[in-house]
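The letters A, B, C and D name the chains in turn, as written, and every chain counts its residues from 1.
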Amino acid sequence: MTDTTRNVLLYALIGLTGLLAPSLAPAFRIQMALLWMMILFALTWDLGGGQMGYNSFGNVLFFGIGCYAPAVVQRELFFAVEGQPQATGDLATISPAFNYFNGFALGLTLAVIIAVAVAAGLGSGILGLRGQYFAICTLGVGVAAGEIASGWDYIGAGSGMVAPIFPGHPSQAALFFYYLFFVLAVICFFTLKRLYASRFGLAINAIRDDEDKAEAMGVHTTRYKAIAWCVSAFFLALAGGAFGHLNNFIDREVAFPGITFGVWMVLMAILGGKGTLWGPVIGATIFHVTQELFWTYLLGWQRVALGVLIVVIVVFFPLGIMGWLREQWPEKFGETVDLEARAAPVSLGEGR
Amino acid sequence: MTPILEVQGVTKAFGGVIANDNISLTVPKGSIVGLMGPNGSGKTTLFNSIVGYHPVDRGSITFEGREISRLRVPEIARLGLLRTFQQTRIYGMMSCLENMQISVPDTRDGLRTMFSKVPPAVTQQAEGLLEFVGLYAKRHLRAGELSFGQRKLLELAMALMHEPKLLLLDEPTAGINPVLINSLIDRLKRINADLGVTLFVIEHNIRVIMKLAEHVYCLTHGQLLADGPPDEIQTDQRVIDAYLGA
Amino acid sequence: MLFFLLMVDNLSLLFNAPILSAQLLVDGILIGAIFALVAYGMALVWGVMDIINIAQGEFVMLGGYVTFFLAAAGVHPLYTVPAAAAALYILGWALYRTVVFRVVDKDMFISILATFGISIVLQQLANELFEADVRTAESGLGSLFFADGLIVVSQIKVVAFICALVLGATLFLFLKHSRLGRAIRATAQNARAARIMGVNTDRVFATTFALNAAICGAAGSLVVMTWLVHPYLGLAYTLRAFMIVTVAGLGNMASVILASLGLGAAENFAGFVLGTEYQAAFVFSLLVAILVWRNALLSRQRKYLK
Amino acid sequence: MAKVVKTRAWAVLGAVALVLAVGGPASPKVEGDTIILGAAVSLTGKYSTNGKNTQDGYELGVKRINEMGGVRVGGKYYKIKVIYYDDESTPARGAQLAERLINQDGVKFMLGPYSSGLTKAIAPVTEKYRIPMVEGNGADRALFTQGYKYMFAVLSTSDQYLREAMNLAAEQAQKQGKDPKTLKVAMAFENDPFSMDVRDGVLEDVKRLGMKIVIDDKLPPEINDMAATLTKVKAVKPDILVVSGHARGATMAVRQVSDMKVDVPMLAVTHCDSAKVAETLGKAAEYALCASQWDRSLSYKDRWFGMAEEYAKVFEKEFRYDPPYQAAESTAALLVFVDAFERAGSFDIEKVREAIAATDLMTFYGPVKFDATGKNIAKPMVLYQVQDGKYKVVAPTKWAAAKLIHPIPPWSKR
């Protein structure tokens, strides 16, 4: 078997598992949907944090925008029509069903537009900062966004919003959101795979390794940085929209979960190995499963265990699983030296 | 010969310390010009001013007749004026080949080129240049694993990948195995002659600069002390005094 | 709409009764003194060890619990400040010896995450061991009245303020004049050089980290006397210390203290004018604005914040 | 690169397989002679004080009922068991755990979580799976405007928490010959679903009584200091200060009002009993009005616990603290289920739901009777005033154990 056929087979196998999983374990649909969401989180964070070296704590901002936008669209479009009781601007169900999906699709589009616009707008200012200043600044943006959301009456302020309930049986809803997240994660994966193989990928790696050098070599660093952040924003907004509708209830804590999802996306990427394509996927999978196990078997102490896990991960595996593998077997990662050159002393060749 | 770079009356101070004081010099197109001077005489500061690393306090810098003293680093680089660093800078986590591939000039970066894969022609060119500096066998190794001298060569190759018009080299032979220095000088001359790249070189090693440069400027205490052909400079008493610290 | 009306009301209230500004300012500055302690400890660790300690707020919280439990056992809370500092010193030392020393030379981001993990563990352990009840310790001190009782300052806040100043000054003198203090400062400037000169940097790091924990513990002790303590108190202090240090820069004690007092006052005014719901939003937007603005200024000289 | 893809892909596959293996098989709602209920409660996070009260309330009910032989359904006696998960006081986690209880653990009957926010997150889940949920801690009225058919609340809605206080203020004003319309109201509410609904209730009363709002602050959930708000209070001198913010809000308000010597004729707060303000803050808490769903001195009675006072004693013995109303209402939620099982005589979900809807039950906690939206319309709130370090019921008049002291004497005279 050649490498390519192997790859195709393995992608097919993972794809098939992903497709069949909800039928194999119907009770776990939501957890598995969230697994794909976690993978998406880790992948999008790694785009900035791992591949570009811009560690962001504020990516939940885009997730939050994604959460709220479709819910607001649903409310504005269909709330009055259905004559729902007007309590605090909540709504429960929408019929006919296609309205739900229309509103949802429209909401997702809006979410993406807003999130990407915000990323581009904020990016010009914030991406000029480097290192810990960038990290702190994004943290500030994430916290401030959550606080503003919890004060803004139009989106329910502190009372939160209720997104419409999926029209149809709950198991269908679980299936719908499972496949939504699955497809999103897969698209995200292949988009990033393609991006990393392009000049864009090289450029953001160069920015990570030495931004001053990249500038000295004339690379349009600002442009690449802004695009990277917009790509993250794009996928996170979609994930947020889907999560908001899956969760049905949206408030500040759901939409801007800085100290849960916000930190987890970083941890998952690091656990798997930041700066690699597969690292975030592996990291997210292991993290999510471990966490679910903690929740089931360590009632009340799960957070303590999680904290210990975090310390262990970053202290003992700062390079992550993929980074560790790469250190062990660099040749497997294509880091080879031509054999005859290994022994020979350095010499200047003749050129071509 | 027409000048490719003209520096006129450039002054740069850091706090109270004047690093460059009213410096004027010219680099003719197609030549190799040397810049020498004892430690702390302001050579690297001048380089930094030229490539836009920091703004100058006074004076003008023109590149191919265009004022560049107000432009920023990447803009100047895209004009075809490139520099290498004294403390070599390469992209450590990327392979040597990738280091080369990203060094293709970013001038026509439309969305198309940004997201397209690296064309085979570029890879070929990169491999050729790696061969030229003797790193072809290590092209798949992470650049961070190279020795200091090898990084220096990689950085040179990266600069060439960019096809610059003027290349500012900050101590290109520092840290290079002495055995290889002659062949490196030869290489630099070929870069100048065959590829048509004008070189402006900071060099400590007098032997190197005498062999390499056609014209040499000497700085001391931030001021231009002397300039002329290498053999003249070599015997200039003021230069000798400056180096001996008299 | 109502929001803006109330905001205008609040503003005019401030203009018509300037004495209110005085009250807000005094309260803000007294709050800021506590921030200053936490921020100064953070700056110390950051400067010396190149580590950003996210567990800062949890140290504060634990210091508060030390005071609470001692007070419950009958000790006057004011006397428990040294006890809290001592207890946290030991904890800080232990944490350094078990975890923190492993991340000293690593990427700063690693230290952020490692201490974040520590903060979760401490917070959740506190939740399990002390329960989540909101606790306070009554100092039994009264309040001071100024300007016909229009300005009220509870004495415990003043005590906290003085304690903060004394602690800060002691620390300053310690760093300046003691042997260990000089070793700490030398390590901060260049750890490798210090090591070559015979400074036991490992011990310096341990002391610094423990010292920081002790400062936070003392701050926590003051917090529980002034306000209250519960296991989830920490984040607010960590975030603010983080902000203060970033804005004020490392190594300059005066600017850290000024920034802390300024932040305390700014928060209070923002809470008054915008309403408390936008207090945090204002403060964090301010942080972002300050950073971006400072960076923009630097970028004119083609530099960036380092 | 290509070769490693293989290893990586296998790692992913392995992990996915692990996901599938997590957790046991879905268990049925009734195992042998045990009825299994599920609840997500806040054992950690900002609500964990009250979350623990909730769990203790459920546990005491379970223990009592099992000790007394269990629930008689269709001639057979069943024991009760509750599966708990920790929602960490976060709505997103709460919703996931509800899914998990229903899908993986096969729970068919749910008990509520603590707080309106969590209930708001969980109710859509139970509703879409048509799983009956009886809850005792989600009081936000927005819960009852959604058309939920499977959610029932034994407590009074949150808008009513401080209404009694507003009425009292109006009464007192009239007694003093003042027009209630001249009263100025200062509000400080935590920015969460529960307190926002308390605020709505106060707003309605303010409108009805024609009073004027002078301060309307929303306290962020992580706030530890309300000096800014209280400075404003001192400046505008309102006649009533109303504060709601779970246990922390109560402690903070009472403590800082005393520290800053804020003089208001009336201070009304929620959650002071679970925050134990009278016990921990001593004199500072004097005269504060506290809204409560329930009190041990009330004369309600049922067959499981007897009088409210007896419930309180059993609870104290078991858990070593005075039961706050959050525990009592949780126990009551369980009793509603027990009653419904017995009347339905089956575990059929629809029958149980109908039985719950038709509940007309007297419990130690008070009468329970649901309207069409699922809220309890039979039970009134009570209002305490802290007098001499004790919580004394001052309203409604029917249960008043002490006379309201109004206005609160200024700090200079205390």
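Here is the rule we go by: a residue touches a chain if its C-beta (ideal position, glycine included) is under 8 Å from a C-beta of that chain, and two chains touch if they have at least 3 such contacts.
Remember, predicted model here, so these are calculated numbers, not experimental data.
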item: Touch-network distance, chain B to chain D, counted in steps; value: 2
item: Chain occupying the most central position, where position means C-alpha average; value: A
item: Which of B-C and A-B has more C-beta contact pairs; value: A-B
item: Chain whose average C-alpha position is farthest from chain D's own; value: B
item: Whole-Å gap between the CA centroids of chain A and chain B; value: 42
item: Separation of mean Cα positions, chain C and chain B [Å, integer]; value: 48
item: Chain A and chain C, separation of their C-alpha mean positions in angstrom; value: 32
item: Computed distance of Cα centres, chain D from chain A, in Å; value: 35
item: Multi-partner residues of chain A (at least 2 other chains); value: 147, 150-151, 157-158, 300, 303, 334
item: Per-residue overlap in chain D, given as positions that touch at least 2 other chains; value: 44, 191, 218, 220
item: Junction residues of chain B - those touching two or more other chains; value: 53, 72-73
item: Overall pattern in which the protein chains touch one another (line/ring/star/complete/other); value: other
item: Chain-chain contacts as defined at top; value: A-B, A-C, A-D, B-C, C-D
item: Residue numbers on chain B that touch chain A, as the complex places them; value: 51, 53, 72-78, 82-83, 85, 89-95, 98, 101-107, 109, 113-118, 127-129, 131-134, 136-138, 140-142, 147, 149-150, 153, 158-159, 162, 177, 180, 183-184, 187
item: Chain C-facing residues of chain D, complex; value: 44-49, 51-52, 188, 191, 216-220, 222-229, 231-232, 234-236, 247-248, 251-252, 255-256, 259-261, 275-276, 280-282, 284, 412
item: Interfacial residue positions of chain C with respect to chain D in the complex; value: 2, 6, 10, 13, 17, 20, 23-24, 27-28, 31, 124, 127, 131-136, 138, 143, 145, 149-150, 152, 154, 156-157, 223, 226-228, 230-233, 235-236, 267-272, 275-277, 279-280
item: Footprint of chain A on chain C - complex, ascending; value: 52, 99, 102-103, 106-110, 112-114, 116-125, 127-128, 235, 239, 242-243, 246, 275, 277-278, 280-281, 284-285, 287-288, 291-292, 295-296, 299, 304-306
item: Complex contacts: residues of chain A adjacent to chain D; value: 3-4, 6-7, 10-11, 13-14, 17-18, 21, 24-32, 34-35, 84-88, 90, 92-93, 147, 150-151, 157-160, 162, 165-166, 170, 173-174, 243, 247-249, 251-254, 257, 260, 278, 281-282, 285-286, 288-289, 292-293, 295-296, 299-300, 302-303, 321-322, 325, 332-334
